[in-house]
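Below you'll find the structure I mean.
Labels run A, B, C, D and E following the written order; every chain starts at residue 1.
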């Protein structure tokens, strides 16, 4: 396991390099000069040159990348051009919100999704299976801003159970978590169900029946365990989705977070923030897949031995 | 062996093939030798059988024979030409003369091809054009040759049984009138009654078309029935070459193999020679004889020194303590 | 213990630095005081200044300052502060506001004199602008770039406790505050102890927050929600005259708008009344000139006012040689009358633009809409060549805005109309620099304004009202709101009812 | 051939039948919009703005007095059109990239897949937002963003198919009879890799509709007066309380269509028995 | 009375009848070979005996299965579950896939004895190790803690056998236990199974398609063809004097030692599929001796010869025909 861990960790290096290069490159394709945005109201060419030099925007891209990467390794993502703060502190201020929303949504998706998927498989082809699987599918097929607005209307306005928006109290998290999480529930439940059905078809499960185990023992003790392997991978991958993909939800619920930080930075062409956010999300995704893979390895000896 | 026509059609000259397996990007890179220094002549017009346990490198040898895999060491000569020395286009032309029938008939035909497409593909690949009528006629003749109803030409693979598919595979191999056909366990996935049919067909074709077969199988009984010579492989190496099916075997492994085969005769029951010890991993090949760990005759020398294949007459054996 | 919310365009203002900031949100006025305030009737009232006077040649201004004023950090406010403050504008985006001040002289501790480069009839107006909030020199110099971000220190009735850009600002009462202006009843300290100003980008979310009590006061209310809010008993909606104009600039340098007849036709095609009534439910006013109606310069000759006149529009197009094609779009020399209509994202913009698009279509002009985010649209304007029509808005309470948007010195952006003719430049110079008195200035600007109108460099569309709303369950505000906007003078009088 | 049979049995299946009907309806609406829509989609009538559903306007009118039903019908054309075109493009490009990577292997594969993995790991909405920031808003930008956003998915899927197919005996058989690379790729690998990729593409159309709607919500999709379902919802947000139908109906159109795509896709996957092949890794 | 008696067993999956009136019986200490070509219904028989038909949507449509006096056809699932693994154990065809890949093999053997003998964890482990020793698994303690993928095929099959023995069953059903294994390993596994029958007095139903295995290992043999019994009897009889033309042809398909080249012909035609079973005797299209009644009439079983072979053929071959 330790060897696997080290190998898996080393694997992150090239991934990180490619990812950071892509992030860096994307940002420099964006038209609309950040300097122009700072110079909204008539100003001199000198001031323009001064600002350009200050932010190093006049140097060749490769050099900018090198300098940027070097600073990244020193934990410095530069200062925001428009917001005039260290990008790191902006990200740190927003990260907890993203993590809370993402983490809870993920936990919600995972627990409810797995439970529904497992129940649907256990009662396969029953009315429960069909209706519940179809209903949760809706969670993933409705645009989530729409779902968010409906949630606000129903649970905040009509019922008054939760605040409409904001991030000032813990209960303000409930609706956003539900909205983000519902999409995940459908996904996880479907993956769980498909994986369980597939596992249930395998020879060894047949042998478990032949051994005299009850259906419940087989499904909970063996089949579900196997089905968790793909689920864990998906959950790992989804960290990127919930941390960054919650943009719309952060917007609708007027919540802070990396997504909304990124959106406003995109609107203002604040390069360092865009880079920082994308980099953070990339790292979150990398760590997510790492955690997913490690969890898989912990659960599956074949992966530890590199047999799969 | 002096007659030029009796020069071997195919020659393996010290052929080895390595595979490397790597776990991920930074994983340990491990190299295994699937075929280990095989030197072998395949005489024209004969059936050369290759037997050995699963994973001993039989299929790899078959692929090396047709240059579907490149040897890591050594050379393969077909009709005197080193296949590795050929340009890709020349190699493709050479392939007309050597064909292969695969172990698994179920996946050896593209599911999107009709049977006609499948047997006509060799012509298409080699730019041999037919009018539709000619094509139909040609496909029909090929199918007939393989003992199939020509009407099957319009069918698709999923509508055929395993035995039928294997016959399609044979028809396809025959299309370009090759000299050498490599048969990689062509009946392993078929029922006995079908297996016998296919073997009978192969025997018939051989005598009619003067083909040379390299017949790979794990079924000793079948090899003994069908082949003229038998090559016994163990862990990638040829350990014994029997010039005929009734030649006395001299390698302890060959004996074990013979004795493990179940005779279809309840009157001749016999006790099994129980092998102890494990098959060594091809990744960590022992320095000496690969069979030593399981051999009851093994001596210290067997563990230390690798026996070479020594030819006496037409019989060759690689053993420090050959049986008599 | 009250929560206010700012919406839409006020969201995401990056700092509370009045000197360098180009976007400041409404909470700014609670932190910083200005020398002067402007009332609803445009009259000036002292805030940190008690009195001021001007030499007849307009070359010197003398201000007397309020005694006993201190910054939140305890530093005193006095003439030295002003001496330090004015030069700070040099090189910033806001420098033009004090560009005519040559030098600041400290007369005594509480008296300060501005020596002018040129007379500036607009000085008082500028000093009353929200960018003229006075920051604490010590904190400002110490914090540098971070001033207004990590901390903002002023003399205002509230101290900034925390600020999360794009999210919220927490303000706590400045208990030492006693220097409120005569626009408020209460001179200080404020009655509400803590105010959290939230930024909510999505209008409907903001509305729902107000409705459910998550927010007690909404600085700007989208007109869509007006009927609903008015029906709500516990919510009071207040309207003050607007400071904004929505208009359609016309690029005079690009075909087919090089032809003044086509420009005029486009301008007369816009149905201001219909937009005002249907899209805004009759709130605010239809705009017929470039300036908000509370400005004297907006009282122009009715003949040059631009108001919906479809017949005239069609006739002008006919005259210009554009004939109605089979699909209703006009054609000339085989060329369709198809033009670009740009707008910024944001529901309000898109709606007006869509309405304008349909109205243009009615006279035979096909306009293709492109929606930009605010920063890329400016980059596009700067290319100077591509744009034709756009829907834009500005918020300003002074006629000098005409200079900003139509001066030949600023072609492309902000002079989106690309108007650059000698007559206009001449009138501009008169208006901007030649007036010595307020009345003279008004007259000059009016002439300049009328000329711009006559050139059809834009079409006026709509003059929104300033609408805010608050929950009467939570807050009590004075019946009459003084000032041009909802700023500190009103909040000083506000109290929490329970 | 086999695909046709599968299509037929998917249509006949209990999940497939209703969803196929809904999809047929949506596609018909998209194709025949000019004949089906009772009013022109851009005809404003400011006097009749924001009217509740009535006999004259079955689904009511929007803030400009435009007939919502007509706009939803035309919206099907725009939304489905963008989703289908951009996903088709994405599938085609992904197919080529994935096939090249999977067939050649080696460093080409590593580089292509490293880039694909990076883009794949970012949520499509973010990729789209960044791309639209580059390209400027509009329907074609949204289309390009969707195309690129989903590219990695199809490239990866194709690649895994090709790698699996390379091991099939019939591919080896083709090589053994002397086939060249192009023949193997064009006749054996790509045709057999196609089915799962196309099915994945079909499912992605559903996601793309939602993505387009979300971009529309941010005002970055179809430009007015062109109606896409996303654009309709975006302008409806402001009306959510006063005229809920303005946002409700386009939302329903999206939800129902996307659910139908998913259910039909599921039925198709079962009919083709390719569930395993759709899994990656 | 025999331990296991299958009488006229018919089984369908969905609407498709797959087994038709199959009969055989099996005693303690006996090895019964069940042979037949692919698709003839061998595994289905095993599944039926294990009571696992419902898993694949199958059901018994006629006939009786008695095990040690219990009627298995009507046994409710909970009671059947107690029987499974404890009294009837299964060894499946593919050792590579019959073990849970993410559990140690030891845990899987332990699970069986804990389930059936109610042993504690420690006792179960001791018993597993004991069983592994009996099956001559070297270094049992180390192997106990290993995962399936770390073991060779032959070793895995021995683990599966140990698992089957853990419940101390009376009947073992081995469904092609050596198909996936190499010849040298196959011989060992068959030997182990035969030894178990001799030592423990188990009954072994050995399912195979390999006539060589039957010849070497079984006491009696039952031949299936296309879901029906063809011939059942003592192994010596069947090999020496096959009465059913199919049995005879089947034996003829295996190359014997020294068989002359060109004498192996196989059986013409194809094995019919379950969807297109021919009318009458299902073998008649391939049978060289088919008569008109073979095409229409289903042959009934008749007892032939001294060994008491039962043959389902209208025209059984004369004795001494070989």
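The rule is short, and it goes like this: a contact is a pair of C-beta atoms (placed from the backbone, for glycine too) under 8 Å apart; a residue touches a chain by one contact, two chains touch by 3 or more.
This one's a predicted model, so the numbers in the text were calculated from it and none came from an experiment.
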Can you tell me the least number of steps between chain B and chain C, where a step is a move to a chain it touches? 2
Label-sorted list of chains bordering both chain C and chain E is A
Using only Cα atoms to place each chain's centre, name the chain farthest from chain B. C
Averaging over Cα atoms per chain, report the distance between chain A and chain C in Å. 40
Centroid distance [mean C-alpha coordinates] between chain D and chain A, Å: 22
Suppose each chain is reduced to the average of its Cα coordinates; what separation in Å results between chain A and chain E? 52
Rounded to the nearest Å, the gap between Cα centres of chain B and chain E is 32
Sequence positions of chain B contacting 2 or more other chains: none
Which chain D residues sit where two or more other chains touch them? 133, 136, 218, 237, 240-241
Which bits of chain B are touching chain D when the two form their complex? 63, 66, 68, 88, 91-96, 99-100, 102-104, 107-112, 121-122, 125-126, 156, 158, 169, 172, 175-176
Which residues of chain D touch chain C in the complex? 42, 44, 46-47, 49, 63-65, 133, 136-138, 218-220, 223-225, 234-235, 237-242
Interface with chain E, chain A side, in the complex: residues 202-204, 206-214, 222, 225-226, 299-302, 305, 307
Under the touch definition given earlier, write down the residues of chain A that touch chain D in their complex. 14-15, 18-19, 22, 26, 29-32, 134, 137-138, 140-146, 149, 153, 194, 198, 230, 233, 237, 240-241, 244-245, 247-248, 251, 259, 262-263, 266, 269, 274, 278, 281-282, 285-286, 289
The answer for chain D against chain A in the complex is residues 114-115, 117-119, 121-123, 125-126, 129-130, 133-134, 136, 206, 210, 213-214, 217-218, 230, 233, 237, 240-241, 247, 251, 254-255, 258-259, 262-263, 275-276, 279, 281
